[in-house]
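Chain naming follows the written order as A, B, C and D, and within any one chain the residues start at number 1.
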Amino acid sequence: MHIAEGFLPPAHAAAWTAAAAPFVIHGVRSLTQAVRANPDAKLLLGASGAFCFVLSALKIPSVTGSCSHPTGVGLGAILFRPPVMAALGTITLLFQALLLAHGGLTTLGANVFSMAVVGPWVAYGVYRLVRALTGALPETTSLGLAVFCGASLASLGTYTVTSLQLALAFPDAQSGVPGAFAKFGAVFSVTQIPLAIIEGLITVVIVRLLITASRSDLLRLGILRADAAATEPADGKAV
Amino acid sequence: MTPPDTTGNAPAVLSGSRLRFGYDAAEAGPVFDALDVEVRREEVLAVLGPNGGGKTTLLRLLSGSLAPQAGTVRLDGAEVRWNRRGLEELRRSVQLVFQDPDDQLFSASVTQDVSFGPLNQGLDTGAVRERVAWALEALGITALADQPTHLLSYGQRKRVVLAGAVAMRPSVLILDEPTAGLDPAGVESLLETLEGLRSAGTTLVVSTHDVDLAYRWADRALLLDRGLLGVGPVPEILGDPSLLAAARLRPAWGPAVGRALRKAALLPDGAPDPATPEEVAEITGE
Amino acid sequence: MTPPDTTGNAPAVLSGSRLRFGYDAAEAGPVFDALDVEVRREEVLAVLGPNGGGKTTLLRLLSGSLAPQAGTVRLDGAEVRWNRRGLEELRRSVQLVFQDPDDQLFSASVTQDVSFGPLNQGLDTGAVRERVAWALEALGITALADQPTHLLSYGQRKRVVLAGAVAMRPSVLILDEPTAGLDPAGVESLLETLEGLRSAGTTLVVSTHDVDLAYRWADRALLLDRGLLGVGPVPEILGDPSLLAAARLRPAWGPAVGRALRKAALLPDGAPDPATPEEVAEITGE
Amino acid sequence: MLAIDAAAYRSPWRRLHPAVKGIFCGGLLVCALALPAWPGAALTAAVVLAAAFGPAGVPPRAFARAAWVPLGFILTGAVTLLVSVGGPDGAVAWDPDGWQRAAEICGRASAALLCQLLFAFSTPLAELLPRLTRIGLPSALVEIIALIYRMLFVTLDTARRIGLGQAGRLGYTSRRAWIRSVGALGATLFIRSYDRARRMQRGLECRGYTGDLRVLVESLPLRAGQVLAAAAPPLLVASTALGYGVLL
């Protein structure tokens, strides 16, 4: 859910840009450090960024019968870690604004904050937490659960933050920010909650397939435990 | 425009009439307009033309992967409706195999990939398993069943994709440049496999740049260069150098050599043109 | 193994001796072992073989994109060192163009992309600009100079990648299946372009599956199927059906038809075999 | 493949320096955001549309199609302003002043959106991205951004073709199949992207790549006259709108 160009008052747009800036600067710094340490990382990062963009342009079924798009935030954060996602996510959002007119340039900061900062951190935090809690379960189950929770809560997290951003900009005449938050939350929940669940399911399918087909990449990215990955046969069929 | 050929008498299993399609307004007009095409039961129809001539576009229109902007596609005489139901029906009977196998391989293992279509047809697990085994058998790749797809060679991937289409038991199999990127031995063995499918009753539509291949294998040929240039029995169409030149294709060896050999009385007048260099060698008795 | 051909007398500009390479231990041994190969100044050397025969591997070894596990590569007689300095030198003289243009196109605009190689050679902006203009001219794509690469057709992208290599003014240009995916007209115009480069003094090494193409265009042919099967002047190598069969290639039309025509006395005994169907038609006087 | 991108390369304004278009569209964007919505937003919108369909030659159909999604968001968002919650009139009640606020926001945001679209429709990213180093971004980052832009189209094309292949095998006929298909598509794209990066590495090494993706950036002249011409319409809109306010 991208806030369109011009929808936020200038002061809010500026404030959210300032709020997102430190995360993005940190992300860019870790990106450039990765490249300095290993120049070959440049092409991999290029490919990862393109992957993030295309992922968020895929069509997924939604309740209203029309098509929607996943955020891709959860998968991105799990694969690439939140700091890198802050940078890649910002680039993705910039391209979405200029190539698809999804989201704006003055509202880029606000969208970055919800989709490239909060979303990835929620995804990563939840993913790590569930992974730790389900350590006793078989690897595939644990990973599946963690990925599902991470991806769907990240999607919900971005939607919550966006509703909050809108509520702060347009408080309700009677009940102020909380009332407005309820209004925006309600209007967008119709589409966003089912989408979050579907995105969670899809992300599980993706990660499971990757385990069989791209084990070495996942090991390198640190998604799989090296010991379990060697033994656990994963069935690619899910859902 | 050449009128649809009427010498054969097999019924049309798939046909398009007055098809129009253009990718976008900015381009120099539609790829083709008012194109008539007919695919007859159990024939091999070769679609030839230069790069950008519209071969892929036509195959996509016939297989329901693109909707025509005007005109109709008919399957067994019934007009195809471009809604979900109509498309589903079309896709049960008509399967398109793309040029690049990587565009159609997306599962981790061969069996999984081949089972994708039958599962979507709503078959139960037992039936799917049977279909997969049968399709792998038909393509001669039973040994690859458990292989992960990304470790296969190009030729093997082409076969797996074909198995995925064949497993859906289409009556028409449409192949976009099936031999591109294969070495001659690979082409031969693919042709053998396709011959097997055809004798089991599958109709084949094949696009290619290879005039010699079409010449020796297809029943009818259709020349396309942003519009129909000609359609008819292979000897008629591919034996006509001026028609081929119009389609920016080079002439086939077979007819040229056939003429030469007939002139030299090495080939009797009624005999067919040689289709391969081996046949030439045979004719000259080596 | 056929001993290296010694009929020609042009010096070797690039050569490999006793080359060994295998991708990994899991595979059934190395792709080849103790392979000798010689590329002579200003010739066109065609490398033929079945899928997986090792054509791409050999081309990558010769161009410094893979280091041999044993054996040496020599450029103008001097052994190539597999360090940064040595590779840099090799790449100034030898350029490899991959089969898939998307492997080598990284920039969004044609001019930018073509300028990448010359800039890496340390040329100044003015010289780079000149080189780019010249390379685009040589490939006949000056009109595409400020097009974005992602809006180009496959054939156009192939040309842009070639321009990127040509802009580095290599003395040896190595092309992996340059005609794959091109239609006959595209092949013709590419061949013309390459002929232009060759007459300007570039040595060409070309891998292909197309026996007829190699037959009509190359000076020497090298047959490879996980090991050298034969190397020598084209008529000798590609005129030998048993050698071709060993490389799992089908025979060329030219020699077969030539034999037939000579037998029929349509072609004098010393005359070369026809290289295209058009030439057959000419010989029979049509 | 992407309508906005394709149109940008055909735009008559393509040859203008990005800064000129930035001043024009950015200036109008400021007008849309900062001026009183009436008549500021309306004036801005009128000027942008006149420029877009006049000299900038933007194809109207593509423009409308691109505007559709963000307009949907703006309208949905504005609808919430029509009601208020938790007031004395019950849990949900019509807000008497709501429509005015909603109209104001719709107008402002739509005008701003048009400015953004005009910039996007007339500025090819291939010409914008290499210039980002000039505004102080690290060159490694700019190279990555440019790479993403190039690889995006290769990946999009792959995604489109795999999607078509799946549809041909009835992969999108039920919701379950749909989820399975999108999942398989996403996984394949990831694998393909990494493979693509490795192959490109090899391909570029042959061209002398050692870690830098330096290319020749054609310099476009930044003419003072063009800058002034670009700055004039926003200034004119601003003064008209402000003058209108004073007169009232």
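Simple rule for what comes next: a contact is a pair of C-beta atoms (placed from the backbone, for glycine too) under 8 Å apart; a residue touches a chain by one contact, two chains touch by 3 or more.
From a predicted model like this one, the values you see are computed outputs, not experimental measurements.
**Student:** Report the pair of chains linked by the most C-beta pairs in contact.
**Tutor:** So the pair of chains linked by the most contacts is A-D.
**Student:** Mind checking the centre-to-centre distance between subunit A and subunit C? Centres are C-alpha means, answer in whole Å.
**Tutor:** 46
**Student:** On a C-alpha centroid basis, what's the spacing between subunit B and subunit D, in Å?
**Tutor:** Each chain's C-alpha centroid was found; their separation is 41 Å.
**Student:** I'd like to verify one number: the distance from the centre of subunit C to the centre of subunit D, where each centre is the average of its C-alpha atoms, in whole angstrom.
**Tutor:** Centres of subunit C and subunit D (C-alpha means) sit 44 Å apart.
**Student:** Could you list the positions in subunit D whose residues touch two or more of the other chains?
**Tutor:** Residues 5-6, 125, 147, 149-150, 154, 184-185, 187-188, 191, 196, 200, 204, 210, 213.
**Student:** On subunit A, where are the residues touching two or more other chains?
**Tutor:** 209, 213
**Student:** Please set out, as single numbers or ranges, the residues of subunit B touching at least two other chains.
**Tutor:** 107-108, 150
**Student:** Applying that definition of touch, give me each pair of chains that meets it.
**Tutor:** Applying the touch rule to all chain pairs gives A-B, A-D, B-C, B-D, C-D.
**Student:** Okay, in this complex, where on subunit D does subunit A touch?
**Tutor:** 2, 4-5, 29, 32-34, 66-67, 69-71, 73-74, 76-77, 79-81, 83-88, 93, 95, 97-98, 101, 105, 108-113, 115-117, 119-120, 123, 125, 138, 140-141, 143-145, 147-152, 154-156, 159, 163, 175-176, 178-180, 182-191, 193-194, 196-198, 200-201, 204, 210-211, 213
**Student:** In the complex of these two chains, what residues of subunit A are touching subunit D?
**Tutor:** 1-7, 9-10, 28, 31-32, 35-36, 39-40, 42-51, 53-55, 57-61, 70, 75, 79, 87, 91, 95, 97-106, 166, 170, 172-175, 178-180, 182-184, 187-188, 198, 201-210, 213-214, 217, 238-239
**Student:** If we count contacts the way the header does, which residues on subunit A are in touch with subunit B in the complex?
**Tutor:** Residues of subunit A touching subunit B: 209, 212-213, 236-237.
**Student:** Given the complex with subunit C, which residues does subunit B contribute to the contact?
**Tutor:** That would be residues 49-53, 153-155, 180-186, 188, 209, 211-212, 241, 248-253, 255-257, 259-261, 263-266, 276-278, 280-281, 283-284, 286 of subunit B.
**Student:** Help me check something: in the complex, which residues belonging to subunit B touch subunit D?
**Tutor:** Subunit B reaches subunit D through residues 24-26, 60, 63-65, 84, 88, 91-92, 95-96, 98, 100, 102-108, 116-117, 119-121, 150, 164-165, 168.
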